[in-house]
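Multiple structures follow.
You will see two complexes here that share chain A, one where it goes with chain B and one where it goes with chain C.
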Partner chain A sequence: MRVTFPHMGDTWIGVKAMLEYLDVEVLMPPPCTKKTMVLGSEHAPEFACMPLKLNLGNYIEASELGANTIMMTGGCGPCRLGYYAQVQDTILQDLGYSYKMVVLEPPEKHITELFSKIRYITGNNSWWKVIKGIHFGYSKIKMVDELNKKACWARPREINRGDTDRALESAKQKIINVEYTKDLSAVHQEVLEIIDQVPVDKDRDVIKIGIVGEIFTLLEPFINFDIERRLGYMGAEVDRSLNLSEWINDHLFLSINKKMRSCKESRMASPPYLNHNVGGHGQETIGSTVLYARRNFDGVIQLLPFTCMPEIVAQTILPGVSNELSIPVLTLIMDEHSGEAGTVTRLEAFMDLLSRKKQKKEVLA
Partner chain B sequence: MHETVGIPRALLFYEYYPFWKTFFDYLGIKTIISPNTNQKILEEGVKNCVDEACLPIKLATGHVMYLASRADYIFVPRIVSLAPREYICPKFMGFPDMVRQCVPSGTRLIDTNINLYRHRGEEYRCYQELGKYFVKNPFKIRTAYQKSVKKQEDYCSLLKKGLFPEQAMKAVDRHNVKNKGYNPGGPVIAVIGHSYNLFDRHISMDLIKVLQKKGVNVVTAENLPEETMRSETSILPKRLFWTLGQKMLGAAFHYMKQPEISGIIYVVSFACGPDSMVGEIIERYIKYENTPFLKLTLDEHTGEAGVITRIEAFLDMVYWKAG
Partner chain C sequence: MKVFIGIDVGSVSTNLVLIDNNNNVLDFVYLRTSGQPIKMLQEGFRELSSRLPKDVQVYGAGTTGSGRQLAGVITGADIIKNEITTHAVAASFLVPGVQTILEIGGQDSKIIILRKGVVYDFAMNTVCAAGTGSFLDQQAYRLNIPIEEFGYMALEASNPVRIAGRCAVFAESDMIHKQQLGYNTPDIVAGLCEALVRNYLNNVGKGKQILSPVVFQGGVAANVGMKSAFEKFLQTEVAVPRYYNIMGAFGAAVLAREEALKNGKTKFKGFSVSEEEYRASGFECDGCANCCEIVEIIRSGTVLARWGDRCGKWSSSVTNSERIS
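Moving on, here comes the complex of A and B:
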């Protein structure tokens, strides 16, 4: 059994660590490229959302490397993610790829369904070891998220352009290389030092932007044209409304860690603009925008894949929120035809708008 | 009290109108229905929606805008779920909040939640809540609900006899309506699509009429009992969690196996989320059965001539295959 799984930003660091901890053979698909996208959109339904297409491309590329089992997550609606696996499976079968799909999702009838799926992947490992494996992978994800957060703070303030990203890369590599749980805390200290040593100008005036929207477009730099780094270089401190570790804590661990930022907070903030859950991250998008406005952020950018249903609901409502709380909002829709230059131009224009608005506010104050 | 409630002729109108009409009538509330879709309503909808919204949502927004100045209340229920452990579509769940952004301020929207996700029996509670907007007496609401359920059953049984919603809505009040448009000996084509696209004449370019004029007998998903459609979809590896998608899929699976059905036309609106997945499954399964299949994608820019040409080509294929 050679297990593969779809890419979503830095998720692979944790998942790979977890599986290798349990002695499962892992075959990573190559990082998302133009080729992945072309392969995916060639065979996927035309109006399917971007993540489905990229996943499909990942599977095809991984199969060429020899993977034969796919591990992915599912759901139970109303977002399309819940039916990804079945549609992708039909397509892969028609194309002649022989894959076994293991979909980790809330069980339809009984919790044992989920357990037997985990058993299938993990083989003869004891449950205790499985739990330790999950903890090991999760710790890595948490560290990477922490690093990214620090990097977002440092990037607009760095003295030498590119220092932060170089530090971030070497720190991430250190996390990837950890093999035993006992080394985690030492490496944790080490990587924090690496990122803290980047020379920065603490007093520099930066623009604060919150990024909201659909989780895949938020986390995958290939699909969002590395928006965090770009905005950082333009002089903006970026805050991502959703991090993978928070999502896992909320949805897989049932908010076991109470100290972590939770989606409940943003959901509570979304009425009266959006009064009901609409699946996906629709309600979080509205709620996070409200929260960013309350925290005096300068602007918000919404990211979504083309045809994403929950985000379209949010997109319709956002102008109202923006008006009422006077926080500028830019919506960027990503699909296989999005151009880098066009996106960058829009980001630059948005940055101009924000800095003008900020100057005006300072003059008046 | 002489308050009026506006019911937009859009979304689930074609499935539930007799129910809603009976309910409001019994409570003594006057209802106004927006007219059949025309270019003006469509344009109003397109203007007030984001570009990415799908055609049915734009259309429904247009109808709500039409009613905004004409009715005291507008009935835009938040339809979350119509069957246990199933949903409709995220946009149906957010629709009241979406239209609230564009209606003139002060418009009163009735956005009762209709959520049967846990249990079908929740429906009664939802309508109690709806009735309370107008009437205090719960027993009166209860009777209204029972009458509406009865009416809805009559309506559904008429649909199963082969009538289309428009005919059935008339027939449900007075009996003896003939099923017009039946051509003995003509080929039978299954036209599958959401009722809000298919039966809106403006949007579907009167597709059913066009087919009937060419001597084709048309059947739709509405003509099948719900149980048939549910049992047909049980061959799927995972239960589908969209009620309307289930209906489309069940109807397609049922009709593709019937020898008297000569072809299937699948009508979708541009960028419809659930249909992108359901359509893919239908398309791939129909390929195994070798049934003639046409997928028509509709949006506000669809030209009538193009649609007609494609239907003609499709019918040629059907006749050619029949020999």
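Moving on, here comes the complex of A and C:
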């Protein structure tokens, strides 16, 4: 059994670590590139969203390397991603790939449902070891999220362009290289130091932007044109409304860790604009925008893949939220036809809007 | 005399504007880009310099439009600004108190909402380019009407026909269908203008509060048929500023002036750029499966700038030029 799974930002770092801890052979697809997109778009239904297409491209590329088992997340809600595993499985079969698809879904009744799927992948490992493996992978994901957060703070303040990203890359590499649980805390200290040593101008005036929207477009830099880095270079501190560690804690661990930011907060903040779940992250998008406005952020950017139903619902509600709480919102729709130049133009204009607005506010204050 | 220059290299037109120290337009050049941005930029410089009074000295330059990076590298601009900001700046200078800007250019359309002189909100056409200048151009050509007369013909209509305007391709089929049924041309032209305005307001203008004064600018603002269709739908007066087709360049000049005065000097390379040999070449990077298409701007053998790479390997390899963004 050679297991592969689709890319979503840095997710692979944790999942691969978990599987290898349990002596499962892992074959990662190459990072998402234009080739992945071309392969995926060619075989996927035209109006499916980008995640389905990129996943499919990942599987095809991984198969060329010899992978034969796919681990994929599912879901149960109005978001179509819940059925993507089945659709992808059928497409792959039609194309003649021999893959076994294992779908990890938020447990419907009890967490053991998830464990039985993991059991299939992890084979004869003891439960205790499986739990330790999950802990090992999850620790890496938490560290990467922490690093990304620090990088988002440092990027607009760095003295030498690119220092933050070089530090981030080398720190991530250190996390990737950790093989044993006992080394985690030492490496944790080490990587925090690496990123904290980036020379920054702490007093620099930065624009604060919250990024909300669909999780895949938020986490995968290939599909969002590396928006965090771009905005950072333009002078914006970016906060991502969703991190993978938080999503896992909420949806797979059923919020075991109470200290972590939870989607419950953003869902609570969503009414009266949107009073119920519309699938995907639609309600969180509205709620997070409200929370960012309360935290005095300068602006919010909503990201969604073209044809994403929950986010379309949120998109039509956002102008009202934006108006009432006077926080500017920019919506960017991503798909395989999205042009980089157009995205950059909109981001630059949005930054101009935010900084002019901020200047004016300061003059009045 | 102190002057400042604004350059807008757009998909359809390349414009140069010269302003004085009080933001008055002294001269401008409007050229068709015709897919050759560098050549037309140099052409524009040649034309402008031939008309220039002797005592003029350029104290600052700014570029905008989709070719802003290219133009910025070639001319040594003090600022390189996106077209949304420059259009807003220009309109608020020429029409004080403006609250809504409707802008339709060659390949994009946008709406900019200003409140108290500051950009408050904007939107640009996203996944569809139906209803922009290029489409009108194409339809005028197909109906064999010069684009300059297209709008006036719409005004002659007594009973505009309803044309499906959501998609440019279907709009065209619908127009042909109406022609074959025997509707007269002015009614069809007026119907097309209304369809485009409806499409604009339903897509780009969705959820935006359109308050007067409303300004209509961009190349399509030359079309009086579009202007009157906007007035009909919005039930308010729509102003077309005098320099409606060079607003981007004008805005860039105004911002260049601000920037140059702040810095006390300009990076502008002078009108001689029209005589130098510039070349843009491209290659496909084989570093990874992204296969980025890298563009190089070369002046007499030296690479001035590179862009087009996702990873920054090539764009950061040019050290003698400043970062472009």
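Here is the rule we use: the second predicted complex is superposed on the first by the 354 of 365 C-alpha atoms of A that agree within 3 Å, B and C clash if a C-alpha of one lies under 4 Å from a C-alpha of the other, contacts with A are read in each partner's own complex, and residues count from 1 in each chain.
Methods note: a residue touches a chain if its C-beta (ideal position, glycine included) is under 8 Å from a C-beta of that chain, and two chains touch if they have at least 3 such contacts.
Owing to the predicted nature of the structure, the values given are computational and were not obtained by experimental measurement.
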First, second, both or neither for A:161, with chain B first and chain C second: second
Partner chain(s) touched by A:333 [first = chain B, second = chain C, both, neither]: both
Dominant toucher of chain A (residue count), chain B or chain C: B
Partner chain in contact with A:352 - chain B first, chain C second, else both or neither: second
Contacts of A:45 with chain B and chain C, given as first, second, both or neither: first
Partner chain in contact with A:313 - chain B first, chain C second, else both or neither: first
Partner chain in contact with A:277 - chain B first, chain C second, else both or neither: first
Contacts of A:96 with chain B and chain C, given as first, second, both or neither: neither
Common ground on chain A, meaning residues reached by chain C in one complex and by chain B in the other: 306, 316, 319, 333
Contact set on chain B toward chain A in their complex: 49-50, 52-54, 78, 80, 85-91, 93-94, 96-98, 100-101, 111, 113, 236-242, 270-277, 279-281, 284
Residue ranges of chain A touching chain B (in the complex, touch as defined): 44-49, 74, 76-80, 82-83, 85-87, 89-91, 94, 108, 273-280, 282, 306-310, 312-317, 319-320, 333
Contacting residues of chain C [partner chain A, same complex]: 66, 81-85, 108, 116, 118-122, 124, 126-127, 207-208, 288-291, 310, 312, 316, 323, 325
Chain A to chain C touching residues, read off their complex: 30-31, 33-36, 161-162, 226, 233-234, 306, 316, 319, 322, 328, 333, 335, 337, 341-342, 344-346, 348-350, 352-353, 356-357, 360
